[in-house]
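The two complexes that follow have chain A in common; it is paired with chain B in the first and with chain C in the second.
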Partner chain A sequence: MLLEGRKISKRFGGVQALSEVDFHVEAGSITALIGPNGAGKTTLFNIVAGAIKPSSGQTVFEGREITGLPADEICRRGIARTFQIVRPFATMTCLENVLVAAVNRHPRRPRAALEPGARDLLAQVGLADLAGQEARHLNVVQKKLLELARALATEPRLLLLDEVLGGLNTQEILQAVEQIRRLRDRAGITILWIEHVMGAIMQAADRVIVLDQGRVLTAAPPREVVSDPRVIRAYLGE
Partner chain B sequence: MLAISVMNGLVMGVIYALAALGVSLVVGIMNVINFAHGELYILAGYFSFLFASVLGLPVAPAMALAVALVFLFGLLIERLLIRPTYGNDMYSLILTFILSIVLQNAFLLIFGPYPNKPPLWVRGASDIFGLFSYGNQRLAALLSGAVLIAAVFLLIQKTWFGRIVRATSQDRGMAEWNGVNTTRLNMLSFGLGCALAAAAGVILSPVFPVTPTAGVPIALTAFVVVVLGGMGSLWGCVVGGLLLGLVENLGAAFVSSGYKNVFGFIILILVLLIRPAGLFGRAKL
Partner chain C sequence: MISSSKWIGPAVLAGMCLLPLPLGIYPQHVLIVSLFYVMMAASWNLLAGYTGQVSFGHAAMAGIGAYTSGILAAKAGVNPWVGVAAGTLLAALLGLGLGALCLKMGGIYLSLTTLAFSQILHIIIVNEYEVTRGTMGLQVPGLTAEYSKLTYYYILLAATVLVLFILYRMIHSNLGLSFRAVQNDETAARAVGVRVLHLRVLAFTVASAMAGFAGGLYGHYLLLITPEIPSLDLQFYVLAMTVIGGMGSFVGPIVGAFAINILAEKIRDYGEYHVLVFGLIALVVARFAPEGLTGVWRSLGRRRTP
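Take a look at the complex of A and B:
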């Protein structure tokens, strides 16, 4: 088990965003996190990534507790994330964006030693030609790819993807799903993935965790989940 | 008259720019305004006076030591006064304001109200293009200020530290998710901001001696330059600093020296009327 959440609860004022959520992510899996809007998916991501602290409960990564650690420490432990709304460092070049992440992973390595690796990552996501381009000039798809390359430069063992497919067309979705699979198959990166595009989840995910109103409704392989009457009810109502 | 005013304006402009760069760096990264910026300028002037004139060190090591000590003092201020206040910008504002008053009174107690002056680096004057003769010390100040500004730009644009600084000033959260230890970065940048004030101090104090309260107008001018150039813009600091230095000196020469400080504020108001975010307001570090 790579990541485990134990009885995680989070309260924002009068709103109980998560209540006693137990979940786990197997090493080497692609695990999807789905649920209707407001189910608590992003809150759970933020807790795992160290953006907010849970009101109670624990997160355990590779057998060590990481609850409440600062975001940069969690990054160094091997968890990276991308955002639903992309956040590149706009006035820096693509290469510099990736290098910022790489240099924090290897603070003692000389800069010249990091650049080939950074270029390689850009090539992997198909941005090799844009290495010297400032990030603000990229289109949305390219920005998403850049964010992915930057996350990979932190050399994560667990990658949190937050709705990476939003705004992509069918062709681009196929490519992105293929890319995500390759990350797992070739680089051995475990993936926890919030997504609304069910077709992609059916194709790529090994396991799906369904959240509803701050609770885990079920966690099962995708085929079982889509035929589960409780899940259908959560999305469509009675 | 015109040529000399322009030269004086450039010298002051470079020093303003240097002092403003320190303010801008700290504002850009930490969103903290250091009200004791001017007192750190003065502190470096006193250190430099103490090491060179009293202890008899050569000028260059005395200045380097002064800047290094103020840098360390800056790290200490961040650790003790600023770090506990993250999340509430008002506290750091009040704390650094108190610090500035404490420092002013400490200077008064230790050094007295009299102006103190570290030794000149160079003596004599040079003939500028046969137009006028100009003090070598001021020329040296202009030159060293310009070199330091160039070094700051190189540091921010070309080095690792600079890339991390730019990334953090653009999106702090995202920088943290990419592994940037922002707590340590805050401490370093605050120290660096203080060191820039100190550098301005050691460069200018042989020309304009330090007194316990001489830091106040320097800090005020640095804040004006930062707003004039646009919050968080390094180019804004340089252009704003030079503009202000020139306007003040030309105004003093051709209108009246009594209004010297007024000209700066007139320029500030005019610029803000046309570009409310400052000259380079939208650009990031």
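Take a look at the complex of A and C:
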């Protein structure tokens, strides 16, 4: 078990975004996190990544508790993320965006030594030609890809993807799914993946955690989940 | 911009070396004061522009530099250059201490603490008359045996080049990548492992050291150190220069410092109102041209060459 959440709750004023959420992610798996809008998926990511603190509960990564650690420390422990609403470093070039992550992973290595790796990552996500372009000039899809390259440059063991397929066409979705699979198969990165595109999840995920109104509805392999009447009700009731 | 950046630095420097030669004493004085403000604004910008933390104690740090060096020289006969080094070090230590103390609490706390620090320092200087000569001012020796405006100009110019060089190297190093990431998006920067707190403490320490250094030299230029150096007036000048010139850009505070200081000399006749005028200009700029004069210049350039 790579990541475990124990009774995680989060309250925003009057909104109970998460209530005693128990979940886990197996090492080497692609685990999907689905649920209707407002179910609390992004909030759970924010808690795991240290962007916000839970009201109560614990997160455990590789057997060590990481609850409430600052986001940069959690990154150094091996968890990287992308943002549902993209947050590239707008006035920096694509290459610099990736380099920020690389130099903080390897503070002692000179920039020149890290640049080839950063360019490789950009090439992997198909942004090689835009390396010198400032991130603010990219379209949303390119920004998402840039965030993926940037997250990978932190050399994570667990990658949190928040709706990376939004805005892609069918062909691009297939490529992206293939790429995410490769990350797991070749680089051995465990993936926790929030996604609305069910087809992609059916193809790629080993296990699906379903959140609804801040609670875990079920956690099972994709085939079981799509035929689960509770899940169908949660989505139709939206 | 990228192709011209190779020669633009040396060209400006050469120009700056020749600039005071045909000028009289008074314009030379204005330039020397401007150089002091360039160091102040550029170093304040490291903290405010690049890490988003507003310190109101930057003028106070200049005061620490000026009074440390001044008191050592006037009371203990210490060589002014050694005094300037001591003032720089003390300002750095105070920056490190205050930074470590309140940057963790985040946001507004550094602003509040530095405001308090600045006021406390002011009170101490005014009241410890025996040591500081209060508002009368402390007479201090000069940096060189003979007093010449031109010599001071070159000393301040060399100091400014040193400060700008260090800032430039910082901003263009690995560290600088992280600074710019924080400037763009703190949350995203943390998420990729940037130690935002360390970065801010470092920025505050370096900025404070530079203010102490600038203040130390400035005091030995003025020959009379008064509480006007560590004053909120001077602090707001530095703030206005940075905002008007362009926060978070390398050239912004340099342009802002020269523009505002020279303009201030022109409208000195309006007395106290000129501080008010710059405050208002800074507000308007912050609202309508947040990238300052250099930002406006850049966007004009973009429009001309599409």
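Everything below uses one rule, namely that the second predicted complex is superposed on the first by the 237 of 238 C-alpha atoms of A that agree within 3 Å, B and C clash if a C-alpha of one lies under 4 Å from a C-alpha of the other, contacts with A are read in each partner's own complex, and residues count from 1 in each chain.
Throughout what follows, a contact is a pair of C-beta atoms (placed from the backbone, for glycine too) under 8 Å apart; a residue touches a chain by one contact, two chains touch by 3 or more.
The structure displayed is predicted, hence computed values, not measured ones.
Peer 1: Just from the overlay, do chain B and chain C fit on chain A, or is there a clash?
Peer 2: They clash: once the shared chain is superposed, the two partners overlap in space.
Peer 1: Quick one: classify A:M198 as touching chain B (first), chain C (second), both or neither.
Peer 2: So A:M198 meets neither chain B nor chain C here.
Peer 1: Is A:R150 touching the first partner chain B, the second partner chain C, both, or neither of them?
Peer 2: A:R150 contacts both chain B and chain C.
Peer 1: Under the stated touch criterion, which partner chain does A:D72 make contact with: chain B (first), chain C (second), both, or neither?
Peer 2: So A:D72 meets both chain B and chain C here.
Peer 1: Contacts for A:N104 in the overlay, against chain B (first) and chain C (second): which applies, first, second, both or neither?
Peer 2: both
Peer 1: May I ask you to decide whether A:I52 touches chain B, chain C, both, or neither, giving the answer as first, second, both or neither?
Peer 2: In the superposition, A:I52 touches no partner, neither chain B nor chain C.
Peer 1: Could you tell me if A:R81 is touching chain B, chain C, both of them or neither one (first, second, both, neither)?
Peer 2: A:R81 contacts both chain B and chain C.
Peer 1: Which parts of chain A are in contact with chain B and also with chain C?
Peer 2: 49-51, 70-72, 75-76, 80-81, 83, 87, 89-92, 96, 99-101, 103-105, 111, 150-151, 153-154
Peer 1: Under the touch definition given earlier, write down the residues of chain C that touch chain A in their complex.
Peer 2: Residue list for chain C touching chain A: 173-174, 177-178, 180-181, 183-185, 187-197.
Peer 1: Of all residues in chain A, which touch chain B in the complex?
Peer 2: 49-51, 70-72, 75-76, 80-81, 83, 87, 89-92, 96-97, 99-101, 103-105, 111, 150-151, 153-154
Peer 1: Touching chain A in the complex: which residues of chain B?
Peer 2: 160, 163-164, 166-167, 170-171, 173-183, 283-285
Peer 1: Hey, which residues of chain A end up touching chain C in the complex?
Peer 2: Residues 49-51, 70-72, 75-76, 80-81, 83, 87-92, 96, 99-101, 103-105, 107, 110-111, 150-151, 153-154.
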